[in-house]
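Note that chain A is present in both complexes that follow, paired respectively with chain B and with chain C.
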Partner chain A sequence: MSDLLEAFRLVMATDVLVAIAASAVYGLVVGSLPGLSATMATALLVPVTFWLSPIAAVATIITASAMAIFSGDIPGALLRIPGTPASAAYTDEAYALTRKGQAELALGAGLWFSAIGGIVGTLSLMLLAPLLAEMALNFSTYEYFWLALLGLMCATLVARSSPVKAIASMLLGLLLACIGMENPAGTPRFTFGVAELLGGIEPIPALVGVFAVSEVMRAMASAEPPKLPRRRFGSILASQWTLTKTYQWPMWRGNFVGIIIGVLPGAGADMAAWVSYAMSKRFSKEPEKFGTGHPEGLVEAGASNNASLASGWVPSLLFGIPGDTITAIAIGVLYMKGLNPGPTLFTERAPAMYALYIIFILANLLMIPLGIVMIRLASRILRAPRAAVMPVILLLCAVGAFATTNSLFAVLMVGAFGCLGFLMERNGFPVAALVLGIVMGSMVEQSFVTSLIKSDGDVMPFFERPVSGVLAALTFGALLWPVLALPWNRRAKPARLKEETP
Partner chain B sequence: MTTRRLILSATPVLLAAPALAQPRWPVRPVTMLCPWAAGGGTDAVLRIVASQLERELGQPFNVVNRTGGSGVVGHAAISGAAPDGYTLGIITVEIAMLHWQGLTELSFRNFTPLGLMNNDPPGIQVGRDSPHGDARALEAAIKASRPGQLKASGTGQGGIWHLALAGWLGAIGLRGDHVRWVPSNGAAPAMQDLAAGGLDITTNSVPEARAIIEAGRARSLAVMAPARIAAFPNIPTLREATGVDFSTGAWRGIAGPANLPREVVAAMSAALKRIYDGAEYTQFLASRGFGGSWADPDGFATHLAAADRQMGEAMRAAGLVRG
Partner chain C sequence: MQLSDRASGLLLAALGAAAAWGGSRLPPVPGQDVGPAAFPMLIGFGLVGCGALIALGIGRGFEAPAADEPAPPGSGWRVLLPPALLLFYVLAAERLGFLPTAFLMVLAAARALGASWRLALPLALLAPPVVHLAFAKLLRVPLPEGLLAAPW
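Our next item is the complex of A and B:
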């Protein structure tokens, strides 16, 4: 109890509160700019933390990353430009809602369920950290292989186009993920002697290119879409309570899946959002509404996204193993500030640990008022003339791409991906599946090859290990589901037709 | 081509000449390039050094992360900058490795060394339930094992910790691939897999294994260094534990393009020495668990040549040399 009071005293210090407020605004702004990711927002904070007290330093990282992940949804919903690979899963859905004149519903859902996900994730961190960490340590490369494969299969579930085209896009993404020397053999592939390609294709320039740049190109090639009906931007939170009640079950499922995937190092928020969105569609009572501006998937994936962000801190704090790129940076800051990760952090430094929990909760609560302000400001963009918005987006894309490596190469890459994305969409290939392929490709390959190296080429461990076996069954189940369900669907269809005809 | 490059590289020198004629360098802000991403260990070292350089030399030292290409891009940018002292950077052990793999023409000869700042030796870690109590027992078990039977990890194929393993195996009279290397995306996933029971050994640095060791999930049996690490006084050196004298490490140092003016080298090496001895840098190293290692420009040059040779041998032993 005295530890908890001490923790409150630590958090209520002026410098900590100022740090939280400043980094919240910073995270919101950086995250909402297309091309600048949450990881970059966090990385840019590191030099600032040199001059802060330990609690204030960690508070800036926690707050900025949570805010940036949420505000990455804003350009996604308003302009169809996802801020992070995580929001790419449901960008089309949110944008469809905006085109239906329900931008406040889409953005409000992002905000409200992000905050809920963040808080539920924090509670899991507080109550279940040792248990979750134990689970994460049971995951070896065999389990990661199945997990990555399941993630890839989401491409077909999420896409609204034909599954064949979705698979083709995903395979193209996998091919692009082969570029570079970040592969198990450490051998350069498809680099054509270009040094910049040795590091492979980064997901961020690809994401910015296929979504943002191709969107700008489409705007140039097509006539201006009918203006959105001019009307007051409605209340942002009003409808969220109804959504929470209607989609309570998907919301909890999203939280749960987010926590589990977040705890596994290397999987992270990107995969959590994809898997949750796909699950939402699979188990929904009205899957045909998905992709047309239906909030159900946003609820589940939005919650999942932020829950995984919080639970990603479990392996980081207990074992110093980062759950994602953001916690990888945070671990460096923790060491520098004498808050060394490890079990002793939970026992000897308990007040500091409780202080971190309080900051997590505080950041997620603060997200709601600040997020509303941010959404109100950002929504003005819907009324701006398209001819003014598009050049600014292109400029932001170029700046964001340049910032990832400080070189012109990334800018060219974004341009190339823009052309690719434009051509793909013209022909009905979903670009989101391409991004998924690029994000998951190296994980699939790495876990498969290293597993085979470890087992001396034997494939049995993929099925023999208990967790691996369950995941394998899930994968094959999902793969064979359409075939198995075929006879059942045939029988069900005539019945439904009869119901529909009056 | 050569003439054009000569002219291009000479022009900034001529432009900067008046500034260099004055006794004081720098007279304007200096750019410090980092070949690795913001937020990582190399970035942290460079940023702490840059903030101190600013205090020592009275001009801003701005850190710019020029990442990509497994470090090739950033190293190339440092060596290709105008040698006027206004673009410097941090170089890492990869510069002694990449050219052996035929990935770049660049080697340590394309740089003016200014000061070695840090060196992290590899450790030898085993899981909690490993039957090997100390490094001697592990060495005996390795010698008794079939080639490829035991598995080790710590970084990607051909990475520094892979070479540490190959070098150690060579030093005990075995082939570099007697223990099979399982490539991983860095030390953290390798340590996780060690704790999950998927690996027998990891050879990443001790600070990278620290939290898992403190959680009681792994043990470090020895460090491949000439002396024990200050932050981990209980871990013996390889020589103390087994009598095998083999040491290597992942080092980082400040350098600039080749042919830097003498004034710049003198001013930088004096400032870097003061920073290295200062309380803030010492405290930084201790907090991150990084190993300190200082060498002045001449010492750093010797170190670079030796490291280049050692890496070449280890990579040949591991079958990684190309071209």
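Our next item is the complex of A and C:
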């Protein structure tokens, strides 16, 4: 109980409250601009967190990411351009509603069910994390190896990309993580005599390059998105209570699926939204209405992506294994602030953990009033010309990267990773898998090599320990899933073609 | 730049082979079987395999058909402008200072994105001081002064 009071005291500090309010506005605005994703919004925040207290730093990340995931729905519904990849799954549906003149319903559903998903996800985090922490105390390097690998494999299960290319991206990320002397032997590897590379590839410049610079590059090569027509919105929350009652079951299913996907290391909000939308269509009583402006899928997927955002913190806090690219950034911030992830975090730093839960709830409650304001202002914010936004983003990339290490080499890295990200995206290689590879590379190697040294080069202990065996099975399942799904995919395709050409 | 799957696959396979070869030449740790070479070699072989599969076009069935948006004419060189501007920042920031460098960066990027001078000039004049104020003053990032020091 005293821990809880202490947590409230931590959150109610002026700097934390200011940080929450400022990052909420920032997240809403950046998330709503097409092409600027939630991950990018979070990555550009990192240099700012250097100068904040630990709780305020974590609060900015939590608030900004939750707001950005919601506000990605806004341009999705109004322009048919998802603001963040997590909204892409149901963009067509939301846009169809807008065309039917029900933009309020689409946006309101995005807002209302995002907030519900976020709160349910937080409750699951509060419940699951301490339970799993007990178990995690017994984990040794074998389990950590499989967990990290499972996370990487899940990251390759991205919808709409070739699994082989996704695995190749991940391996490329792991290879980049080999650079430097941060390996079990302390030998400089692949540094080519460049002194700056001895310390390895910093995740933040890589993230900023891959997600932000490549977006500026893409803007250079594509036509400007259409301008938003001015419109007046009716009441935004009016019909949401009816929706909640009508689609109560899909909503809970969305929450549940989002939580499960979030807890899996490596799988995040994008995947949660795709899976939930597909499930919603599959189990709906009226699947024929999907795609024509039917709110059921919005309810389920909108709840799901925000629920996964909160539960994605479970593997991050417990094992230091990111649930998605956003928590990958968050883990870096946690280490920097002395809140090193691990099962003992929940016993030794209990007030900080309670504070984290409170911030989550607060952010999701704050989302409703701020979100309404944002929706009303959206037509004005989305009018900001791209030619004015992108140059400033580029400048922030340079300054932000410089701020992480105070060296110009980081700026160079940002440029290089921008080119790499642009090239990969153009050729169908998912960049999120690359980023997770870079972030988790040293952990995978460390646990792999230490385990092999412990077992004298024997691989059997990797499978013999009970938890380790289960995790191994899950990992191979994730690896083989595309192979199993291929025949099903093939059969589904001709059927879909027939539907489209009656 | 759109590469064919064959080209990108072969490129990855070559990279993987190079990584495995480079890894195998790393000095081992005396008295231990598993050293710094194991991991890069494993990844290298994995990349060779994936590269080969990509070159053969396996797994393509999962890819969503690429949204073919017609690129505006002459956009080829403009794609390279953002990284070029970052390179310019690296080379010029120390000598020119943050404010002039950022002015030129923002101006060039805005013009390339099709902004009119009436939008680009005020933006380039206003954005750098604001960013400087936030990062140098509030966050205490040592941004270079160069020729033109900020008044604060």
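What we mean here is this: the second predicted complex is superposed on the first by the 275 of 502 C-alpha atoms of A that agree within 3 Å, B and C clash if a C-alpha of one lies under 4 Å from a C-alpha of the other, contacts with A are read in each partner's own complex, and residues count from 1 in each chain.
The criterion applied here is as follows: a contact is a pair of C-beta atoms (placed from the backbone, for glycine too) under 8 Å apart; a residue touches a chain by one contact, two chains touch by 3 or more.
Keep in mind the model is a prediction, meaning the values are calculated, not measured.
**Q** When both complexes are superposed, which of chain B and chain C contacts more residues belonging to chain A?
**A** Partner with more touched residues of chain A: C.
**Q** Is A:I372 touching anything from chain B or chain C once the two structures are fitted on A? First, second, both or neither.
**A** The answer is neither, since A:I372 touches no partner chain.
**Q** In the superposed arrangement, which partner chain does A:P184 touch: chain B (first), chain C (second), both, or neither?
**A** both
**Q** By the touch definition at the top of the document, which applies to A:L4: first (chain B), second (chain C), both, or neither?
**A** Touch status of A:L4: no partner.
**Q** In the overlay, answer first, second, both or neither for which of chain B and chain C A:L175 touches.
**A** second
**Q** When the two structures are overlaid on chain A, which partner does A:I453 contact: first (chain B), second (chain C), both, or neither?
**A** A:I453 contacts both chain B and chain C.
**Q** Have a look at where A:V467 lands relative to chain B and chain C in the superposition and call it first, second, both or neither.
**A** neither
**Q** Classify the contacts of A:P47 with the two partner chains as first (chain B alone), second (chain C alone), both, or neither.
**A** After superposition on chain A, A:P47 lies in contact with both partners, chain B and chain C.
**Q** If we overlay the two complexes on their shared chain A, which of chain B and chain C does A:V25 touch? Say first, second, both or neither.
**A** A:V25 contacts neither chain B nor chain C.
**Q** A:G338 in the overlay: touching chain B, chain C, both, or neither? Say first, second, both or neither.
**A** A:G338 contacts chain B only, not chain C.
**Q** Residues on chain A in contact with chain B in one complex and with chain C in the other?
**A** Correct list for chain A: 47, 50, 184-185, 187, 406, 449, 453, 456.
**Q** Where on chain A does chain B make contact in their complex?
**A** 39-40, 42-44, 46-47, 50, 136-141, 180-182, 184-188, 195-199, 265-266, 315, 318-322, 328-329, 332, 335-338, 340-344, 404-407, 409-410, 442, 446, 449-450, 453-454, 456
**Q** Mind pulling up the chain A residues that touch chain C in the complex?
**A** Within the complex, chain A touches chain C at residues 47-48, 50-51, 160-165, 167-168, 171-172, 174-175, 178, 183-185, 187, 189-190, 213, 216-224, 385-388, 390-392, 394-399, 402-403, 406, 408, 411-412, 414-416, 418-419, 422-423, 426-429, 444-445, 448-449, 452-453, 456-457, 482, 486, 489-490, 493.
**Q** For the complex, give me every residue of chain C touching chain A.
**A** 1-3, 5, 8, 12, 15-16, 19, 22-23, 26-27, 29, 32-36, 38-40, 43-44, 46-47, 50-51, 53-54, 58-64, 66, 69-72, 75-76, 78-83, 85-87, 89-90, 93-94, 102, 105-107, 109-110, 112-115, 119-120, 123-124, 127-128, 131, 135, 138-143
**Q** Can you list the chain B residues touching chain A in their complex?
**A** For this pair, the touching residues of chain B are 37-41, 43-44, 47-48, 51, 63-70, 72-73, 76, 101, 103-104, 148, 151, 153, 156-159, 180, 182-185, 188-189, 191-193, 195-199, 207, 210-212, 214-217, 284, 287-289, 320.
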